[in-house]
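Contents: one structure, followed by commentary.
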Amino acid sequence: MKKSHNITLLGAGLIGTFYTMTIHGQRSRDRVHTVCALADDEAKAFALKWEIPRWTSDLAKAVRDPDTDLVIVGLPNNLHKKACLLAADAGKAVLCTKPLARNAAEAFEILKAVEKSGVFAGYLEDLVYTPKTLKSLASVKNGALGKILWVRSRETHPGPHSAWFWDKEIAGGGAIVDMGCHCIEIIRNFIGKDVKPVEVMCAADTLVHPIQAEDSGIGLIRFENQAIGQFEVSWTFRGGMDLRDEVAGTEGTIWLDHFLRTGYEMFTAVGQGGYVAEKAEGDKGWLFPVGDEVHELGYVHMFSDMFDSLDEGRRPLETFLDGYIVNVIIDACYKSALSKKWEPVRLKEWRAAPEKGKSGIGPKIEAKKYLLIKEERMPDGKTKLILKDRATGKVIQKMKEGVGHEKKR
Amino acid sequence: MKKSHNITLLGAGLIGTFYTMTIHGQRSRDRVHTVCALADDEAKAFALKWEIPRWTSDLAKAVRDPDTDLVIVGLPNNLHKKACLLAADAGKAVLCTKPLARNAAEAFEILKAVEKSGVFAGYLEDLVYTPKTLKSLASVKNGALGKILWVRSRETHPGPHSAWFWDKEIAGGGAIVDMGCHCIEIIRNFIGKDVKPVEVMCAADTLVHPIQAEDSGIGLIRFENQAIGQFEVSWTFRGGMDLRDEVAGTEGTIWLDHFLRTGYEMFTAVGQGGYVAEKAEGDKGWLFPVGDEVHELGYVHMFSDMFDSLDEGRRPLETFLDGYIVNVIIDACYKSALSKKWEPVRLKEWRAAPEKGKSGIGPKIEAKKYLLIKEERMPDGKTKLILKDRATGKVIQKMKEGVGHEKKR
Amino acid sequence: MKKSHNITLLGAGLIGTFYTMTIHGQRSRDRVHTVCALADDEAKAFALKWEIPRWTSDLAKAVRDPDTDLVIVGLPNNLHKKACLLAADAGKAVLCTKPLARNAAEAFEILKAVEKSGVFAGYLEDLVYTPKTLKSLASVKNGALGKILWVRSRETHPGPHSAWFWDKEIAGGGAIVDMGCHCIEIIRNFIGKDVKPVEVMCAADTLVHPIQAEDSGIGLIRFENQAIGQFEVSWTFRGGMDLRDEVAGTEGTIWLDHFLRTGYEMFTAVGQGGYVAEKAEGDKGWLFPVGDEVHELGYVHMFSDMFDSLDEGRRPLETFLDGYIVNVIIDACYKSALSKKWEPVRLKEWRAAPEKGKSGIGPKIEAKKYLLIKEERMPDGKTKLILKDRATGKVIQKMKEGVGHEKKR
Amino acid sequence: MKKSHNITLLGAGLIGTFYTMTIHGQRSRDRVHTVCALADDEAKAFALKWEIPRWTSDLAKAVRDPDTDLVIVGLPNNLHKKACLLAADAGKAVLCTKPLARNAAEAFEILKAVEKSGVFAGYLEDLVYTPKTLKSLASVKNGALGKILWVRSRETHPGPHSAWFWDKEIAGGGAIVDMGCHCIEIIRNFIGKDVKPVEVMCAADTLVHPIQAEDSGIGLIRFENQAIGQFEVSWTFRGGMDLRDEVAGTEGTIWLDHFLRTGYEMFTAVGQGGYVAEKAEGDKGWLFPVGDEVHELGYVHMFSDMFDSLDEGRRPLETFLDGYIVNVIIDACYKSALSKKWEPVRLKEWRAAPEKGKSGIGPKIEAKKYLLIKEERMPDGKTKLILKDRATGKVIQKMKEGVGHEKKR
């Protein structure tokens, strides 16, 4: 049976706002009961706005509030470890925003701490939970795309909204640690979480902004079954927030757009003041809002899975182990960006079913004289076959008989 | 403070399924407690599937269940009046699916019954509640589009899923009463609910299906401020479900697509078996699913508004009065389809602020020698003004000076 | 064998510019040899810009230039009759821009004049010639959409670029005569040119601009085979030029977008000065240009068909008879807008194969116990049939056996 | 003044068909006069179909036809060198299809041969000439996007239509040499042809087909001004032909779609037989044709530029030097795919203005206390500034005063 939860929220920034909007959302049974911000007045203002009974700037006190059963970490990256360790120590369930940590070493410490204390721990990777992504994952599991060959995931926008993101020491990096973490986990879900990531190649640059960290990056992840993941991130994109995924399989394709072209288009010559959508640029001309942001970005389904998993004593879709793996991949990416070559993904632990990832993708082999390479309808209406002689290896072509007829254009 | 509701659901068809999926949805505090279907075994199967404690085929018994505080009517159109009157008589809050009734006479009886008994009554017009529509309505209220001139709303698909829809006697009509009711209420919301609908022009045809009712229709609604609403409905569309709205104002435009082109595109050569999306045709080739149907179609926000309104003692966005007005407009449409001319909208009651609708849209009048008709950038890069002399009425044109410069193409 | 043509162009406005750009286009063998504008300096400027050897403001002189073999009429609507009659009298081939005339009476006079003199005459209805439209027409002829039920054609933008369009006396009307003529002819092509238009229903309004003619209109055309054409035109649209067609058939659907969403999207924070695309509003933010306007709008294919038809002695796709029929339909529309009821289309001549249009669309009749109304995959994965008993008329439903299986969502 | 050309076409495959369709196209003044295929009967069939007066299977004879002034090479890659050298030797203008050769060594030989003989030589890279690309290049030159940071170009489809493409020895590689050559040249045009490519990183795989060459690849090209080009190619894509480019600049963005989503959408339950579009899969369900393929794919504008350049004695947009540079980059890509690290681009010749490429992109440096990192409208309607203290390097944030106001959601 579903329970109601009283929650301690650590962090009162944009992500804390989105989390609270979601948790206090429609007909919900759960509430933020205590909020902790870095300064008292910030915490108070947030509490008043969202009707939260208690506020503080003392992390430990917030975590240990005896009236809450769950801690949500929505702090800058450099505080995730401290906050998660406090929660593990207090024996409270803990949900941590992405990325789990600034690097794999911190993430591993966090993982071990919650495993040792035995508390429920969920990784708040919202973009895996968008309704489109969840439904697509189901289609992929049902075989609609055959074997998955290549997954592309992109997040680009003109840059984050809080100062700390731009500070390499606090954030642990730039656009890659900020947004690449989303992409990597989306990729892992589509390729299969029990397929081991093997090596990465990454390019990172600071193209526009006066900062030390990278504002643009692209990475390739090769998995043990030969599948490739590709992420693209940038804080230099102009035009809003570009959030798209593409999945290519032997039998099909999925294209997802989560933000700019989702069937909501508005032209206004006068604007309307106020907020249009996350990372929107300007409020006149053609605009492309989304309907219900916390829903479209996956927050609603994410917290449902987290709270339901907690209630039912099962593992959520996204765990701290996933967060750790993402940090390991990101570390390898930063190394590759410097070494300018492929770098291995060095996981301290790997718990997937070993047989699963072994089977490569590979070309189809069939027991006939010819292997079919390709079949295509030509402009003259005829169908051509490209065949490979299995014995000689020679590639030939022939027209399929009795099919098609000359069409006038 | 929000309460939890125990609900009697009348009807166990597709709409009952969507309603129950929504009400039992993520972290919800509300439950269907009793379900009533037309046959006992149907009710039982539905109850078992959705973990509903009680079931029956006796409408009155279901309505009067002492453990429920709210009745939801999800029955064929010919039973809405009976069900609503039972609820009003039992003193229970009642929510009725669209259309409110088969015609204005029935709808008026329903309206009067709930008003007399004083029960809370909500009109379950889900498409007004889609997240995109709600956000668009806010933009329109904020003036982003200026004055609204024309609203188009379309729902077309290959035809409904239950036999009774196709029976004119049970349904009260065909595609217009089935889907036009959505469109009309979307139009009213964008133009403004206190702007009175004055007259309608409608064409209806039975183009494809072997039925008595119309399978295609188009209608125009003229409002007292000169704005026009246009609805298009059809049960003959091929390619899935086309659900689009367009709003044209003096200062802007909104285009909404709720189904076929919403950023979710899948190609599959093999299919995946099972359900793709409501009214989808086939499961191979290029498919266009939606993420979370009950959310995208407005069910989530609709029930939130209904339950919250009930809890807070306020009027919901969509009331039985709205349902009645829709039925009056539909009656006028059917009359026009026969008479082949514009027909007046004969409302027994009209409760809008009278001054609101009076101000026409009309051309802009300004106190200068010339009225500006148009300003446009030409292919040669120059800007041309079209002007009307206020005294003589003569239309002239002149190039704007100091603007633009010849561009080579 | 193809010949090269020397052309007299009457009119040096935007349409004359587009025509000349096209005729002088890539690797072309044809040239404008004489241009006539309403004023001498205008003619001269145009001639210098486009390297045209001769210019004049004398219509008759231009038409009778002994070195040209073809006259193109690109003048305001009130001069079409005079110009065409001059060309017919001079025994020269004549191409006239749309609409053929201000009304059916003028158009009929023009038609009779060219028929009497026997000159080649082509109606310059470019939007029927867009590459997408031509290919779609071929698909429709090949049966890809089954029987055509409904064709929608829309042209809306913020208003025309020359003063005379806004003057009802010169133009013969407003948005309907200006743009409805395109839509009507697109509709006729898709439904079939030998299917007779029978009656029309039209609503027209002056919503925004300080003019006498309508700036918005919608019309329905019923054809003798029950198919419906629907046009929508407006000079009040905000956001650029909306040019879309939709074709609905018993077996399929075609959606064409000719301008705003054609795979060319640009965001610019700074703009670039100059011209973006016809009727574009502003040059910053998200813009939606087209690649090669004279090609996308059909000018290239239109002139190819005209010149090739002339060379080969055959009838072009669009003739003066088509132009006349369009004017007759527009006259009926204006009448309907005033009478507020359906009005007959009164053609003085009708030359189609009479048997063609007679067969109505109608529901499918098959020799079985049940007529199939509908087949649909349900959310639970099962397939449901809606059937009508041919003897009793009763509508029933049953699940298709052995198909589909319960899917978890 | 424009001349008419008589052409020798070498090759009678799909590309020869597209070329001939274009050259013999609308109102054209040019003709294929001699066609040479690998076999006599193939040449004859092609000649009869396209009304070409002469045919042969003798390359040298075809090239030396005294009645032609221009040779077009549309042969498999392994014959480009032989054909181009024959043309150079015969003193005839020569146009060669993409790629110029199988590798840089062959391409350099070709380049030197035509330079030595002094004949006109054009590189038939059609995708640089699509109308959308040409117009986008003009916008970029006009500064609409600021400095170009990143260009992505993708071509993927289910594999080529002729046997020789699949044979690594004949083609010189797989998907990269076949399609990457398009992408690389598109990238070079957007970044600027006088910006030197410095190094590449490439991953290539054979994921699906039973061939020796790669069927999938991705490459990054770093230019001397820090800009990045990214190409993606595959013969494993399902769903048709995906042809898209994206250009990201400091001030703007361009997205081009050349094939699957260009405003032409068709659903057909029955199909129509025959050809749908290049690389289309299936002919039922939702299909996405293009209007006029030879136009949309750039053939029309390409041949216009080539013939006009020849007539006017100027260099065409795409030259053999461009073809050579593309081959050098591809060679570096194949090397990188093996070495698994960035590899230098080793150009034997580089002729760009040296100062042009030197200026890096780099972050904006301004003479104030703070550098502006970012400005964003928040969900509460306020505007936040992210600033970097130029002296201390510290990143701070503050709200912009007097802007925005709290909005209710």
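Order as written gives the chain letters A, B, C and D; numbering starts at 1 within each chain.
The rule is short, and it goes like this: contacts are C-beta pairs under 8 Å (C-beta built on N, C-alpha and C of every residue); 3 or more make two chains touch, one makes a residue touch a chain.
Not measured: the values here are computed from a predicted model.
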Higher-contact pair (C-beta pairs counted), B-C versus B-D: B-C
Chain pair repeating C-D, as identified from A-C, A-D or A-B when over half of the contact pairs by residue number coincide: A-B
Distance from the mean Cα position of subunit C to that of subunit B, given in whole angstrom: 32
Distance from subunit D to subunit B - Cα centre to Cα centre, in angstrom: 47
Multi-partner residues of subunit C (each touching 2 or more other chains): 145, 238-239, 251-253, 267-269, 273-274
Residues of subunit A touching subunit C in the complex: 238-240, 267-269, 281-282, 284-288
Residue ranges of subunit B in contact with subunit A within the complex: 2, 26-30, 130-132, 134-136, 139, 142-146, 251-259, 261-274, 289-292, 295-296, 300-301, 303-304, 307-308
Residue numbers on subunit A that touch subunit D, as the complex places them: 14, 17, 145, 149-150, 156, 158-164, 166-167, 201, 203, 205-211, 216, 218, 220, 222, 226, 228, 230, 234-239, 248-253, 273-276, 278-280, 283, 339-342, 361-365, 371, 373-374, 376-381, 384, 386-388, 395-397, 404-405, 407
